[in-house]
Amino acid sequence: MAIKDLPKEEYVLPGSAACPGCPATIALRTVLKALGKRTILVIPAWWTAVIQSWYPHTSFKVPILNIAFEAAAAAASGVSSGLKVLGEKDINVVVWAGDGGTYDIGIQALSGALERNTDFIYICYNNQIYSNTGIQRSGATPYAAWTTTTVGGKREFNKDMGAIVMAHRIPYVATACISYPEDLYKKVMKAKEIRGPKYIEILTPCPPGWRFSMDKTVEVGRLAVETGAWPLYEYENGKMSFNGFSKLILEGKVKRKPIEEWLKMQGRFRNLFKPKRDEERIRRIEEFIERMWEDFRSKV
Amino acid sequence: MAIKDLPKEEYVLPGSAACPGCPATIALRTVLKALGKRTILVIPAWWTAVIQSWYPHTSFKVPILNIAFEAAAAAASGVSSGLKVLGEKDINVVVWAGDGGTYDIGIQALSGALERNTDFIYICYNNQIYSNTGIQRSGATPYAAWTTTTVGGKREFNKDMGAIVMAHRIPYVATACISYPEDLYKKVMKAKEIRGPKYIEILTPCPPGWRFSMDKTVEVGRLAVETGAWPLYEYENGKMSFNGFSKLILEGKVKRKPIEEWLKMQGRFRNLFKPKRDEERIRRIEEFIERMWEDFRSKV
Amino acid sequence: MRIVVDTGNHIAAKAVQMARVDVVAAYPITPQTTIVERIAEYVEKGEFHGDYICVESEHSAMSACIGASAVGARTFTATSSHGLLLMHEMLHWAALARLPIVMANVNRAIGPGWNIWSDQNDSISQRDTGWIQFYCSSNQEIFDTIIQAFKLGEHEKVQLPVMVNYDGFILSHTSLPVKIPEQEEIDEFLPKRKIKWKLDINNPITHGNIIMPNDYPKIRRAMQEAHENAHGIIKEISREWEERFGIYHGELLELYKCDDVDYVLLSMGALGAESKVAVDEMRKKGRKIGLARVRVLRPFPKKEVIELARHSDLIVIDRNISVGMEGALFTEIKASLYGEVDAKVYGYIAGLGGKDVTFKDISKMCERVMDGKYGGYMIFDVEG
Amino acid sequence: MRIVVDTGNHIAAKAVQMARVDVVAAYPITPQTTIVERIAEYVEKGEFHGDYICVESEHSAMSACIGASAVGARTFTATSSHGLLLMHEMLHWAALARLPIVMANVNRAIGPGWNIWSDQNDSISQRDTGWIQFYCSSNQEIFDTIIQAFKLGEHEKVQLPVMVNYDGFILSHTSLPVKIPEQEEIDEFLPKRKIKWKLDINNPITHGNIIMPNDYPKIRRAMQEAHENAHGIIKEISREWEERFGIYHGELLELYKCDDVDYVLLSMGALGAESKVAVDEMRKKGRKIGLARVRVLRPFPKKEVIELARHSDLIVIDRNISVGMEGALFTEIKASLYGEVDAKVYGYIAGLGGKDVTFKDISKMCERVMDGKYGGYMIFDVEG
Amino acid sequence: MGERKLVEIRFHGRGGQGAVTAANILAGAALRDGNKGVQAFPFFGAERRGAPIRAFARISDEEINLRSEIYNPDMVIVLDESIMEIANVLEGLKEGGAIVINTTKSCSDYDFPKKLTVATVDATGIAIKNDLLVGGIPVVNTPILGAIPKVLDKVTLESIEEEIRERWKGELGERNARAAREAYEKTEVMR
Amino acid sequence: MGERKLVEIRFHGRGGQGAVTAANILAGAALRDGNKGVQAFPFFGAERRGAPIRAFARISDEEINLRSEIYNPDMVIVLDESIMEIANVLEGLKEGGAIVINTTKSCSDYDFPKKLTVATVDATGIAIKNDLLVGGIPVVNTPILGAIPKVLDKVTLESIEEEIRERWKGELGERNARAAREAYEKTEVMR
Amino acid sequence: MIKYDVVTTISYPKKGAMGKTGGWRAFKPILDKEKCVRCLRCWIFCPEGAIIRKEDDSVEIDYDYCKGCGICANECRVKAISMVREESK
Amino acid sequence: MIKYDVVTTISYPKKGAMGKTGGWRAFKPILDKEKCVRCLRCWIFCPEGAIIRKEDDSVEIDYDYCKGCGICANECRVKAISMVREESK
């Protein structure tokens, strides 16, 4: 599949309230191309709630239910159930949530919806911070990253949300990255065809939050994959498989790029390099990633 | 270690409000023997809140903070943090919660506390139902089990809470069963020595909820282990290891007893056998357990 | 029409079934549990047309109701006490989103300490959420009010969620006789839900995005108008019910022996029924006292209360306390009367945490007032 | 004592630092976020003696505060709007557990639609939770009130949690000059927390287990008494602060030019400051009007309000609406006056969802009353 | 008994014995017998097997508006004789009221400090005879209901039987109804 | 300007240019200069880089009790000349008020429909010269502050410099302060 | 025991908080000391702590609180405990 | 478009809901049609949908809404897009 093959239809209208270089609209454009018109989005509090622009206008061309920060998966259960009883078929019920609304405050609603086998797609937009409230730590924030609430760098490693979701034994889990739109598109298309709960997590580098210049959004995402910081995988029928560059890494066909390349691009990791190189923390990050890949190898 | 070696100290006083044959007091007696006097319990809404008996009396001899159903792990974070700042050292901060308060309504507080590396022991008392409110379905209720909200048998399999917690990469996770008090005691003793979040889940067969006669509480627990329905394991430094009978199963030294032995002891599975044997559902259960053990074998 | 003897909770489940609810999302809590258990049984037996979502918390229950209602489904939930409190944010949400969800709340005191018995602090604490609130005094009223609540909430001039409250155990677990109309009669009274807005792929709107300061007050104004509309529509519905089924529980107030009295007692919920016994007893003794049972707290029956106070002094018993102030009903009644009439208004708080309040207690409270021996304000349970 | 110019939120963080808080557990939400960010900075720089728990929701924030306070720690949190609503159950819990937690709530309207601007529906909806509630009108008052709140809440005759409210953006993000005393002065005013009960391994008590109907009302009565005590203690503390630091914001009310007037305007929060400008302007025009800024909503300043109304008519502006009733302050003032005085009381609602309310608007509202042209009750933002 | 408009009844049993069900059946039966007002409710708390519990019923010609507890019952039903050792079953029972006891003893074996109508019946024996056992333990609540019409004329045995048959369909209902009838027949009353 | 007790000022800039910081520094400086009442606040909403934004300040001899927005400023500060194409910077500006513009143009190049004091300064040029760049983009908020004392006598350049130095310690503060002084010197005013 | 003077639900440890729960029993465990091998299984499994462990690891039943669940009898491997119906029941 | 007559926050799709956001630009992307190989990377990566994809898969920039982030220029592999400072800024 090539970029050319992606549909022309646009469901995100230009002139929205998004920041210049915003990865959310990049991701949404591709995701909605895959989902198409027969889609209802449920959106908790997060940056997309702002991007929509304000009453009485919206920048989106699919029906949207905004909902409280922690409530998206539960509200989607209601939407899905309501449609079922009312006999409305083949509508994609999709949660579009940030990592804060997924890893932290929304994890309970999500876990519950997975457990009760809700028929929906849950998409987590992972920018590894709370950007909407001005860049605070989330459960997805990586170790050592600066945020306004982890001024000296976060002390804990990020939650492994993929693993947590897979532990729920749902039919489909996938990771993606805005820098690989064909891959993202294919994954959403696949999720549409499966019944029950589906979970897709998209890595979305945020220029002000990660502190890089806004033209580098896609590049930073690509490097996350190439350095192995962000793996691209799918989980189906209880099995994991890897995609694209990540597949090559897993199979040992390419070597991951050094993680420092990715860290150095981002101001949020500056304290690893300035005033002097923090060998200890860099080593921990390197080890963490290496262990993750080892773990992956043992699983496939 | 033999039963004789367990301390004589009792922290649960006789004459409590527990039902005859209650596994909660069995579990608590052993757990508190291990924890000892320097312990603060945080207890959300569940059956133990009743067992305490009522104001102005209590049947427990350690300090207890009762807290809202969904709030235990968060309250424990506060207790732990408060003790730290006030310089009170070596006190075990322990959540004592039911499976409802752990798998369902309390999972968010738990996940958050794990992620922020709270120094506490979280003990989940898993009787696979909401017993306090009169036997409703929980996320821990096994497939096909009757409850008042799953009258024809539950349609979903139980969450794998152990896997979910392990996906949080915490220092110590263990499963136990009231029928093996020495094992339980050892695990709690070990958890006491580790810093950071520890999670122990205890299987506790409930006579009215599982529908067996009250003298069989310990026996039903034992059979859960012997049939492989409930594995006993520990997870430390990212590795799983198995204990007691489960170790023998894993290593292929004994064969699991047929799962039907365990199912048949319990009235809640009656609809698998009456009016006629439900081959399909029994097979699914058998397969589920077999797959679980296969998975374990791949992990060790 | 047939008569059954059953508990308030089972009767509530019956009403939900007969209202042809599409989606129920609820979470167990004492003393609400037997409602959801009964609905689960209906589902199992194929006697329920809708879907029952087993959620993992009350917060999710209300969130799921919002989702379902937003696509046009008739939606119900039930809860109590801590469950209701946990929904608080989503209660505001449902009301501001103008979704006609109906909820049964089984009144129960708030902890700590844990207390599973009736008091109304749970629902009173939701008086600022924009929900319509009913309080029932019998199982018949529970049945009738739940059915009516859908009609009211879904009314095009209302479009608001409705909370139907009744006392834990005192009604939820007490069997009383209830007249049940035929399904067709109910269907005629309560047709399918008519929808003002919904999530519709053919008409893609966004609900609930940012609204700026200049527009926001309009949303609140519209809610207030809807409550004002509800005031009249509640009356219409009560009368229609009476015409169809011959059963009448009053409108916003139920007036009991209020003609030509010196005093009117006001109370809510089961206390309102017990108060009838008290009034009967006091009448026997020649006391000129009647009862106005407050059925509806939101919209607040200002006009009705003023009308009452034109002719009599009022004695208010609250089964709640807004700590740092006083009983909520007492406050709101006085506020309604202020500047309108100058009847005397006396307030008591009684029945907190399930403390039993007998008709003798009620008579004692009233007689103390009527004998001129009470001027203050007290928690009868403690100071009685 | 030095003067700094900083935003309400940064000043709140400063107060928390200087109160030597042991544990902060909080979750970000606009417009509260810069408080926690500032505290996180203090922690990073080693300028904060306590622990800052990064929780995953406001519900957990309040739960963690309860845990920390229950072992004896001085505990603080901050939130706003939906965050406050999500805490609702735990607010009740903290109050019934009698834990002197202090919270800054940055008032913000409730969604949907999302609206991040000031109105007081969030905290008004918590009026039945048993918390003491303050409303501030300047950054100086934010600083002073947070420090005072610990003293008040921890007072042995109070033992209650305290909510310090101030308007989102209007104060939270506005820089104003604030006088900051020296740390030693603060330490002298606010000594270490004295503890009435705590979780103590040497004294193993159980807190919050089941309590039966016969005992439960006593718990509520005790809370009510604590509020009654707080009423006097707030006054004492205000006066002590004035003596020590020469700063005085009033007691439960702040009276501004109230002597010998025909009308008194009542408002809360930033509107209370703007109202001073309005009063000044109207005075210039010869209108006999003063201002009573309501600083404390719980315990409700009944006595003070009655005193005011003995000499003047009242005009109340609510930045909230209890839909189906009216503005909460309007209701509670009228309820307090009922049967005591017969001043006229006029009510407006204004400033919902951050709708700007200028001193001109306020004057317009007041003058309309004073000119006899207003008798009703309205949402000024829409109908103005 | 029965001339009073309102009759209040208290059941004493142990958790698991079905006292609440008994109260509900009684209320249902009373409605069948034309009592407009009927009411049944448990003591509001958690039941634990074996622990003493209470349940209540009210029967009246008119709609019942009472919602408070019963402090002075007109009648007390004791489902388990042994409960009398650990609970005060006479508490508040009206002078001149009635007490129905599941016992093998005879009425005259009892000597109560109040003037009471005493009725006794061996409900346990009847349960065993009719094979009404759950987990080996005799079910006494339906048999003892049969004794009530003997001392209370607001409710008939027939209605109790009907109510029982409606609750448990088929053979089980029959057996329970039979036990009630048998109890009715064997009840000894001393006024 | 300055004889008025209360002066209200509005800043126009783009997200990322630091208009809010400028307002805060101005307020701080004004306090140093003995103005008892100072106030600074942003337009309440989310900032997006490049999008037009506003910030506000009030300065007065007395404590300020105003909490409402500023509709009729006495002075407008334009951090980015191009903003004038997409935002109405004159909106509500008082007749006889002042406008300070970051531009290379001269005062006389402007012809406003109101009677105004106009001040111009090339803050961008000064920023570049003093190496005040973030991500390659010139920081104009500190330089333009230097222009304000030229048209508003409630605040002195010295106080602005001090305030800047307190905010950014060391060399960075020095450079910013220097830029402010340079701007002060280069500001052209037309009354 | 210090009593706290704040009125909130603070409860103090008490044996027999629910009274002598021995009255709940329908069946009564009877210990045959002869058969007992002092393995202490009954002690550790008794939900009530109603099996008293003596100094010499012999056991005794506290009938004031034994609720008669029968677990001790079920778990005793040498059948030293048997359940008999309570007298008056 | 049907308008609903319940007053709640119901919003309707609109291009340029925030106005012509082209005004936010500091830098402007300039497309060199000669160099362009029609790979459509700029089209798919543009956060604004401000790269118009034509029938023939050639592209054009919609300056009314382009916010000038520069992603298109960064992602174009043949450097057919370059960023230049906006005139008056």
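Letters A, B, C, D, E, F, G and H mark the chains in the order given here, with residues in each chain numbered from 1 onward.
One rule holds for everything that comes next: a contact is a pair of C-beta atoms (placed from the backbone, for glycine too) under 8 Å apart; a residue touches a chain by one contact, two chains touch by 3 or more.
Since we're looking at a predicted model, the values are computed, not measured.
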{"item": "Given subunit A and subunit G, the chains that contact each of them", "value": "B, C, D"}
{"item": "Partner chains that subunit D and subunit E have in common", "value": "B, C, G"}
{"item": "Best-connected chain pair, where connection means C-beta pairs in contact", "value": "C-D"}
{"item": "Chain located farthest away, centre of subunit E as origin (C-alpha)", "value": "F"}
{"item": "Rounded Å distance between subunit E and subunit H, as computed from the means of their C-alpha atoms", "value": "81"}
{"item": "Whole-Å gap separating subunit C and subunit F, where each centre is the average of the chain's CA atoms", "value": "57"}
{"item": "Whole-Å gap separating subunit E and subunit G, where each centre is the average of the chain's CA atoms", "value": "33"}
{"item": "Centre-to-centre distance between subunit C and subunit B (centres being mean Cα positions), rounded to whole Å", "value": "39"}
{"item": "Multi-partner residues of subunit E (at least 2 other chains)", "value": "48-50"}
{"item": "Shared interface positions of subunit D, touching two or more other chains", "value": "54, 56-57, 82, 86, 89, 93, 96-97, 111-114, 116-117, 203-212, 215, 218-219, 221, 354, 356"}
{"item": "Multi-chain contact residues (two or more partners), subunit A", "value": "17-20, 49-50, 52-56, 58, 60-61, 66-68, 70, 104-105, 107-108, 111-112, 115-116, 139, 213-214"}
{"item": "Complete list of chain pairs which touch one another", "value": "A-B, A-C, A-D, A-F, A-H, B-C, B-D, B-E, B-G, C-D, C-E, C-G, C-H, D-F, D-G, D-H, E-G, F-H"}
{"item": "Of all residues in subunit D, those that touch subunit B in their complex", "value": "22-23, 25, 49-51, 53-57, 59-61, 63-73, 75, 89-90, 93, 199-201, 203-212, 215"}
{"item": "Subunit D-facing residues of subunit F, complex", "value": "23-24, 27-28, 31, 36-42, 44-45, 64-69, 71"}
{"item": "Subunit D-touching residues of subunit C, taken from the complex the two chains share", "value": "82, 85-86, 88-89, 92-93, 95-97, 109-117, 121, 124-125, 127-130, 132, 207-221, 223-224, 227, 230, 298-300, 320-326, 328, 330-332, 334-335, 337-339, 342, 344-345, 352-356, 379, 381-383"}
{"item": "Subunit G contact footprint on subunit D (complex, rising order)", "value": "96-98, 159, 196-197, 203-209, 211, 218-219, 221-222"}
{"item": "Residue numbers on subunit H that touch subunit D, as the complex places them", "value": "8-9, 11"}
